[in-house]
Amino acid sequence: MNHDKPLGQALREQGVSRRGFLKFCATTASLMALPPSMVPAIAKALESARRPSVIWLSFQECTGCTESLTRSHAPTLEGLIFDNISLDYHHTLQAASGDAAEAAREAAMEENKGKYLLVVDGSIPLGNPGYSTIAGISNLEMLKEVAEHAAAIIAVGTCAAYGGLPHAKPNPTGAVSVEEIIKDKPIVNVPGCPPIPVVITGVLAHFLTFGKLPELDHLRRPLAFYGNNIHDRCYRRPFYDKGLFANTFDDEGARKGWCLFKLGCKGPVTYNACATIKWNDGTSFPIEAGHGCLGCSEPNFWDMGGFYNALSESTMDLSRTAAVGIAVGAAAGAASGLLNRRKKSKAEAAHETVTVKDLQREEKS
Amino acid sequence: MNSMDSSLKVEIGSYNSGNIPPLMHEIRHALRNLLDNDETTTIDLRGLPMAPGEQQQLLDILGKGEVSVQLDALGKSEITESSYAGVWLIIHYNNNKEVMGKFIEITRMPAILKTRTADMEESLAALQVKLEEV
Amino acid sequence: MSKATLDRGVQILKEHIDAPTAAYFSSCVNCGMCADACLFYTETGDPAYTPINKLEPMRRLWEQEYTLVGRIKKLIGLSKPVTDEELGEWSDLVYHACSMCGRCSMVCPVGNDISYMIRNIREGISAAGYAPEGLIGATTRAVEIGSPMGITMHALNTQARNIKESSGLEIPFDREGVDYLVLLSSMEVINFPEYLEAIARIFKQAGKSWTISSEAFEATNSGIQIGVSDIARELVSRVVEAAEKLKVKTVVSPECGHAYTAIRWDGPNLMGRRFSFKVKHIIEVLDELREEGLLKVEGIEESCMTFHDPCQLVRKGGVIEQPRNLLKMIATNFVEMEDSGKMNWCCGAGGGVSAIEEAEGIRLKAFNRKKSQLEHLQVDTLVTACSNCRIQLEEGLEVNEMDIPVVGLTEMLADHLVEE
Amino acid sequence: MNSAEFLLWVRGPGLNIAMVIFIIGMLIRLLEIFMLGRKQNLAELRGNGISAGLRTIFTRSTPADKNSMRRSMFTFVAGYGFHIGLFVVIFLLMPHIQLIQSLLGFGWPALPTPVVDLFTVIALISLMALLWRRLTHPVVRYLSTPQDYLVWAATFLPLLTGYMSYHHLWFPYSWLLGMHILSVEFLLILFPFTKLTHAFTLFISRWYTGMMAGEKGVAS
């Protein structure tokens, strides 16, 4: 396929009919979580879109994000998207290895200078550059080098977006997110551990379609996917409102599918599309499977006070604090009370009988 | 069925996200709008939070109508008119028969079924060529 | 030489701040509901007369002396100390504009006994030398002459003689071992001599022995009103000593509100010991006689009458039903005043207000509450059981040109005694 | 600081700090009160002070009489609205019960959230009405000190942020929840050092007053 042809033409040459193109546009709109009324605009944009070069860098990560992407329904319409981007470097997926791989990366960077899209998964260790290297190049160095001429960066997964599990206390590698290092490029965070595959492809589709990044929230997440919290879109929300909760994972409430708030569900503070797009081809999502949301698309989700502690509970042991408070308070109160008693006794001891002669002040009489 | 099964069984049908009635209202409203203003409406079912079984419940409510069309472009698509005339259900599949999109369209005829002008022009040219061959 | 100084006042306030006071100040949220219960506020509309505001100097002193935060604030100069000027200013609020009627204590939603604290802040203000002249004069006369109005035994003897001449009734003095030691208030001696005769007639009919002590006939206690416990103790001790010397069973407080409080409730606490005799209000005694069937009356008052509850009897003494029981013996047309009983409105002259000349204006203004109550009721006769209330009611009615006779309950009962 | 870090701080260290200040402060205040002591009543008692004191603790929650209620109607209605609303919100909303349970080890059933929401609105409106009264009524304005307004704000904020959290008003939920918890911590810290203490000490006040009156045979 010719790199330089507009997408519409390229698709037709592949034998995709105009009905097929319309289907493609409709599902792409759905993928980007855009309303169906946007389909004509998407069709127009896609007709003339040109495929971008994509460089995918994996740092301190578990390949879960790539798994999420590739294990989803392939070959798929998302696949079609990938057919229409030029994935020039991805060390897990590419056939080339060693010097050839690095050469491909450098070539792509040179050829598409200022226009390529950089996708990152995994966090970057700052503790010691040697903690994570690719072809002898430290993650930090490679990120800086590739980011320099990138048009935009997509940080895929919570590690790249917010530091992820490597960043969890005590953060032995000094792991940080992409946005903590790169300050001068447009960055989209697509957090999740892993993110929903269609969300990853949706963001790519958006870039492909419109040539720019989607609208973001305060944590640089695409609003189209991260605009609502799980709790508000959760089908178990009516149980929360009615006050029906599962108290354990095997009680009546759990069987009846009641709200999992008490079991530590972080849905109320987790912004993601799991409750609507769901996972595995729209089959289910964690809450539907009977487990509370861990909040994996939120920064520091692993340190949010225990996965199984309710959101309104303290993240620390309050009972001990209370016990210390009671001990100190009792001692301090007793001390203060004794001081008061001494003061009062002194006043009583100093009491001189008041007689009628003492009722008028000297200057008055 | 062993005891494990019964203790872990999720009671489908006890859920109620409360989203079906408003959705039905939206469909009714769209149908009114189609009649009055000839405007079509498309509802993307992916964007709606549904409890397990609820989507099927919705489809059962809508029922099947007279028309059922199968489209074969980039994988199959099923286009069915519901028992309510003008309310269509469109399901797009990929080549692996996985659902790629699920829409309710309130229209006289789903846009995807109409033959494109450009396709007809191409066909016209192709037909011309064919005739010349004959 | 007088020892009244700010320091002395402050020191005495420190002695009087106790656990209830600390709880009260900790609990007040400045909701202002006590104002709605205080006739000095409702009849003047002056927010300074809000009951809890009358305690502001004491509240600050409590905070500065008896709370950790207050002590720290005081240490770093963040708190406003109590000053002479302030106590002088507050003297008007706690003496002129408070009759210690205790209505505020009944309505406070957090349960603060505000009048209890007023009683205590008076201790400090009087020790600092800011008690009103009129009360100082009354107190001085009470201590030095034996009666706040300067009545001596001589006057009482004359009265006893007059009674003997007009009715033949003997007024017994200094008899030992009798049932009742009868006390009088100077107001009764001067203004309502009928009381003594009424007592004599009732006890005679009931066959009870009684006496008056020539050493301690005065029931009122200016020490309580001015708020000097040392003086109150001295005045109470005269009664206690007389009662013990004469070995009486019961000391009878006259138709007076604070005198009852002074002997019945404050007396043992001032003296620091329990009494060997009982203390009763004359109304309680009369009701007991009624119960025992020793009070035989005849004739019915047909005029429409109502009863003014003295604050010290209802809210501070628990004497509520007794006067009504007695009235029902002789009155058919008895109507209750609005808010009667526990929540009755003060006449406006209690708590020493009547002794303060400068407070005359506000005292008569406060009477407007009673005036409107009476206008609403349209009664022919107003009955009460406190001479202080009675004088205020008579004066207030006269000033407002309302022609309603005010009668003491004891006298009224005596008028209906069955003649033998 | 992002919203997750903020939320983490207020749920952990913030809550601990506030809690320990609250407990120590309140114990000091309570001991200071009780240790001042009071003299024994030597007068012959007319009634049982203890039972009267206990009774008054409850009866003072109702108006003294109809006329007193009529005279202070505004304060009564707004006061009841606020206090009942606040009580329901604090003790009958499930997330709150869950926090209490994690602290004390026991809990109780919650009310449905929309019901609690209604009580929040009642409490908020009542509080605003009480503020309006504080600003306009001659007596209450005269009595009010800066502390009264501070305490009003400290009480209003948790209710407001709680309401905003539930309805997702203006800010992301995580921030709102964090602000809500922070405002409660602010309230807890202010509590022992302001008249907020009345929530505890009013029972002591009612007890003493009820007892002193009861010993004289007066039902107060």
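Every chain is named by a letter (A, B, C and D) in the order it is written, and numbering of its residues begins at 1.
Everything that follows uses one rule, which is that contacts are C-beta pairs under 8 Å (C-beta built on N, C-alpha and C of every residue); 3 or more make two chains touch, one makes a residue touch a chain.
On a predicted model such as this, the values are computed, not experimentally measured, just so you know.
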Original post:
What chain sits nearest the middle when you go by CA atom centres?
Top reply: D
Subject >> Gap in Å, rounded to a whole number, between the CA centres of subunit B and subunit A >> reply: 32
Subject >> Length of the line joining the C-alpha centres of subunit A and subunit C, rounded to whole Å >> reply: 75
**OP:** Calculate how many whole Å lie between the centre of subunit B and the centre of subunit D, each centre taken as the average of the chain's C-alpha atoms.
**Re:** 56
**OP:** Report, in whole Å, the distance between the mean C-alpha point of subunit B and the mean C-alpha point of subunit C.
**Re:** 90
Subject >> For subunit A, residues contacting two or more additional chains >> reply: 332, 336, 340, 344
**OP:** Can you tell me which residues of subunit C touch two or more of the remaining chains?
**Re:** 17, 66-68
Original post:
Multi-chain contacts in subunit B: which residues touch at least two other chains?
Top reply: none
**OP:** Please list, in label order, each pair of chains that touches.
**Re:** A-B, A-C, A-D, C-D
Subject >> Touching residues (chain side subunit A, partner subunit B) in the complex >> reply: 16-20, 22-24, 26-27, 29-30, 33, 35-37, 39, 73, 75-77, 80, 233-238, 250, 255-257, 275-277, 281-282, 284, 288, 290
Subject >> Contact set on subunit C toward subunit A in their complex >> reply: 1-5, 8, 11-12, 14-15, 17, 65-68, 126-131, 136, 139-140, 143-144, 226, 228-231
Subject >> subunit B to subunit A touching residues, read off their complex >> reply: 7-11, 14-18, 42-44, 46-52, 54, 71, 73-74, 77, 92, 94-96, 98-101, 103, 111-112, 116, 118-119
Original post:
Hey, which residues of subunit D end up touching subunit C in the complex?
Top reply: 28-29, 32-39, 41-44, 46-47, 56-57, 60-61, 63-65, 67-68, 71-72, 75, 79, 137-145, 148, 151, 193, 195, 197-198, 201-202, 204-210, 212-213, 216-220
Original post:
So in the complex, which bits of subunit D are touching subunit A?
Top reply: 2-5, 7-8, 11-13, 15-16, 19-20, 22-32, 34-37, 94-96, 98-99, 102-103, 109-114, 168, 172-174, 177
